[in-house]
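Pasting the structures in now, so scroll down.
Shared between the two complexes below is subunit A, which pairs with subunit B and subunit C, respectively.
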Partner chain A sequence: MKLRQGQFSFLPDLTDDDIRVQAQYAIDNGWAVSVEYTDDPHPRNTYWEMWGHPMFDNPDAAAVVFEVNECRKEHGGTYIRVIAFDSSPGWESIRMSFIVNRPADEPGFRVVRQEGEGRLVRYTIESYAMREPEGARYA
Partner chain B sequence: MEEPRPTHVDLAAAFEDSGVREVLEELDRTLIGLAPVKSRIRETAALLLVDQARRRMGLATGAPTLHMSFTGNPGTGKTTVALKMADLLHRLGYVRKGHLVTVTRDDLVGQYIGHTAPKTKEVLKKAMGGALFIDEAYYLYRPENERDYGQEAIEILLQVMENNRDDLVVILAGYADRMDRFFASNPGFRSRIAHHIEFPDYGDAELLTIAERMLDQQNYRLDEAARRAMSEYIPARRGQPHFANARSIRNALDRARLRQANRLFNEARGPIDADTLSTITEADLRSSRVFRGGLDVDRATGQAGASQAAE
Partner chain C sequence: MNEMSNKTVTDAKKRYSAGVMKYAQMGYWEPDYEPKDTDVIALFRITPQDGVDAVEAAAAVAGESSTATWTVVWTDRLTACEKYRAKAYRVDPVPNSEGEFFAYIAYDLDLFEPGSIANLTASIIGNVFGFKPLKALRLEDMRLPVAYVKTFQGPATGIVVERERLNCYGRPLLGATVKPKLGLSGRNYGRVVYEALKGGLDFTKDDENINSQPFMHWRDRFLYCMEAVNRASAATGEVKGTYLNVTAGTMQEMYARADFAKSLGSVIVMIDLVIGYTAIQSMARWARDNDMILHLHRAGHSTYTRQRSHGVSFRVIAKWMRLAGVDHLHAGTVVGKLEGDPATTKGYYDIFREERNPTALENGIFFDQEWASLNKMMPVASGGIHAGQMHQLLTYLGEDVVLQFGGGTIGHPHGIAAGAQANRVALEAMVFARNAGRDIWNEGEDILRDAARTCTPLKQALDVWKDVSFNYASTDAPDFAPTPEVSA
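Up next, the complex of A and B:
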């Protein structure tokens, strides 16, 4: 099951050139672009591992593509995303976030039902990948 | 999806449209002398225009190698030309942004194991989309110390120069003889650099014109006697150690401005006009120690030359 998180996730996977154009848009708007990776695909997993520092002073997006490819060498089997942080007052938040790399095999999520008091049922989801310990997911 | 290929190209029109003409004209106007450098740049521009035309007609594939080396003595305008070069490549569409990042060994090579690679990569990333100017590039290679981290920086540099050829242009600069030795011991560099441009020294008359132009930019001028003094100063300075062409002239003018300010301060009784404020007189130049035999005189009297360190 293909993970649908962030921008462009319903489109075919982005090519390096697509990534460059999108990152350039962020840079031209003055946002700091950074690369992050994780092997925990849960949608509420907000804080992914940082790949290097956010790129505050690179005028050209080729640097972003370069870092994405460096990250792929090391963490090619996990999810990698590019995010753009807007530091201007009032925003101070992520403006863009899109996945640029995903594992070859994405097992998807299962629904977990928990019986509560009375006939209450709590629902949650859990990725099948999360059954393996960290680092052993996605082979 | 591809546009139909044109059957003809109009090189003259391409030349006009690309804005290369403005860069070349600006180069002619703002840079004095350097005739061989200018002709090399014009040749490079022509090559790139033709390459662009060929590519549009489907005759050429892949970007040409644009990495360059600038060799010449200090103060011959290497950095200035590199700036213009970045602009030129930007207008021709070979680099996307056209900015110039100037670095030396310190910016690339780290202090301890594992420090060099991130540092070099950081610099390379900053230069992507533009040109990376490595001043005194031969310092990267220190043959006397085989554990020097410079070698690591060189390897990363070579790798990026090869793999990210479309993303950045690397310009190496330095003295001719030391650059030759550097290339001899790093054949990888030599083969990846297509354009070697040599910067000749300036003639005395050229330096005088440069001096006047520098002053003009700061709204100063030389009076007639000062002009004569300057034209004597230049050959005298050339004969002394640490002569750095235009940079020496700039330093001399900075010191002359200092003396002029001092003179005005001591002499002025009552209001002075703009003309006096902007005129450098003979006295301001003649009191230079260059006319008294140069730096050695100061050494003997124990005043280590601060200006010499600045050169």
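Up next, the complex of A and C:
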């Protein structure tokens, strides 16, 4: 199973140069780029761990690629994404988000069904990796 | 035209003596009037009957859409009638259209109930559209003052929060309408939803006339669709949605269906324009109260938006719907099978998505419009579009749009999931190329061909639909600019 979150997950894995080009697009638009990582890839896990602060005032995407590689050294077995934040009025949220690192094995998710009254089913989606405690997943 | 005869009669005795008087003389034509910042302004295209003076026709429209009746009434004098009279203040001939005029009419804010599209429209498009001295009448645009805009809820969710809820950034959203639009059972219907979402779409959609028919009752559809949504979400690790159409015969029934959709965990429900303005506002309020995205299918709009001479422009409907509070609204594709030239469509998209619309006659926008931080609406492009047009769609429509490939997903020769994957790969490749600085308008076909090297379904889609385009003259192009050629 390949996690399809982010804006480029249906393309071949991005090279460092691809990452630089896309991050530079964000920077040229005035957006602050950050690096985040997680071992909980649930689609509603909003808060991935921050690899430092958003890189406000950074003009050069090479610095983003450098931080991605630093993050890989410590968390290469997990998911890493690059996001771009736009602080302009009326938006003040994320403009870009793409995955730049994945665990070697992605076991995916299972659907948990709780059958209720009548034919009502309450659904939960659970990552197989979440059976292990934080830090021990994807090891 | 005879200027004297259109002068307002100011002598009260003459003005209010019983009988019939020209609308212009009654005070509905004020060429020196300067609209106040708080006035609602309407721009009508009027086609007077032969022999009817354009200024008198404009004054009549102002009169009939505000306080006037066909004869003088003394009870006007019990009111601050000068304030309540709408004022036609400008009449211009329409370029290249003999016999048609643009009439600008200003309305005092106190003529309208706060927060009610029904009340606004009962005046502005009420009796006046059947008025005999006019051959035809079209409401082209409106300026809605900030003081009035602020009395409306606006889109329940808005583009930014919708993206946050869906965890989807940086690219257009992808959808598909389930086909055939009528006849599938609930179980078969859910199959289409599952395949399309698993293949790479974000949304699937009920069609406008899928409600609760003998072949598929609504509860069955909702249950099977949500099974499909959750399975697809697990298969991809993404948030997925399907627009469950809750349109029904009564508000009670619509609320019941919407509540059921919510209880199943759906992120979105859908309604049709034909349910009416008050029903739309009610559902927008429900959606805001229940953290639900609200999709509006503009079923029926072409009966009054399409012809240039008579009806209501879609840009006005778009403004009303942004006030009313829907999150999604169909707005044309430019390149697909349904009406819409590039310049006019750009005007619609700007009304949906911008904080402020400056006057842009070339896009059919006649007024500066401030949206006063009302949420943005997500435009939906649907109808005869396919993966091979991705560079054109991204160029014309931008990033904040739902691209809906119904036939272009389900009609793929190797199945629905393959069709969905083809669309998603084409989309991501095109966004990637644009961000990387490539000229996607001119290099689009090369970009798609390159992406297809590692994606067989995209290659198959490009082969099947490579020659499909819809090139017809538009029936509703702007009056102030030549219509560019659309080629696909």
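Rule of thumb we're sticking to: the second predicted complex is superposed on the first by the 137 of 139 C-alpha atoms of A that agree within 3 Å, B and C clash if a C-alpha of one lies under 4 Å from a C-alpha of the other, contacts with A are read in each partner's own complex, and residues count from 1 in each chain.
The rule we apply is simple: contacts are C-beta pairs under 8 Å (C-beta built on N, C-alpha and C of every residue); 3 or more make two chains touch, one makes a residue touch a chain.
Here the structure is a predicted model, which means the values were calculated and not measured.
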Practice task
Check subunit A with both subunit B and subunit C modelled on it and let me know: fit or clash.
Solution key: fit
Exercise for the section: Kindly classify A:5 by the partners it touches after superposition: subunit B alone (first), subunit C alone (second), both, or neither? Expected result: second
Exercise for the section: Consider the C-alpha centres of subunit B and subunit C from the C-alpha centre of subunit A, and write down the angle between them to the nearest 10 degrees. Expected result: 100
Problem - Dominant contact partner of subunit A by residue count, subunit C or subunit B - result: C
Exercise for the section: Report for A:104: first if it touches subunit B alone, second if subunit C alone, otherwise both or neither. Expected result: neither
Practice task
Would you sort A:93 into first (subunit B), second (subunit C), both or neither based on which partner it touches?
Solution key: second
Practice task
Would you check which partner chain A:55 touches, where first means subunit B only, second means subunit C only, and both and neither mean what they say?
Solution key: first
Problem - After superposition on chain A, the shortest CA separation from subunit B to subunit C (Å) - result: 12
Problem - Doubly contacted residues of subunit A, that is, touched by subunit B and again by subunit C - result: none
Problem - subunit A to subunit C touching residues, read off their complex - result: 1, 3-5, 7-12, 18, 21-22, 25, 41-44, 46, 83-84, 89-98, 108-111, 119-123, 125, 127
Completion exercise
Residue positions on subunit B within touch of subunit A in the complex are 96-97, 99, 118, 121, 124-126, 128-130, 160, 164, 166-168
Completion exercise
subunit A residues touching subunit B in their complex are 52, 55, 57-63, 66-67, 70
Handout entry: subunit C - residues contacting subunit A, complex
Key = 160, 163-164, 167-171, 200, 219, 223, 226-227, 230-231, 233-239, 263-265, 355, 373, 376, 421, 424-425, 428-429, 431-432, 435-437, 451, 454-455
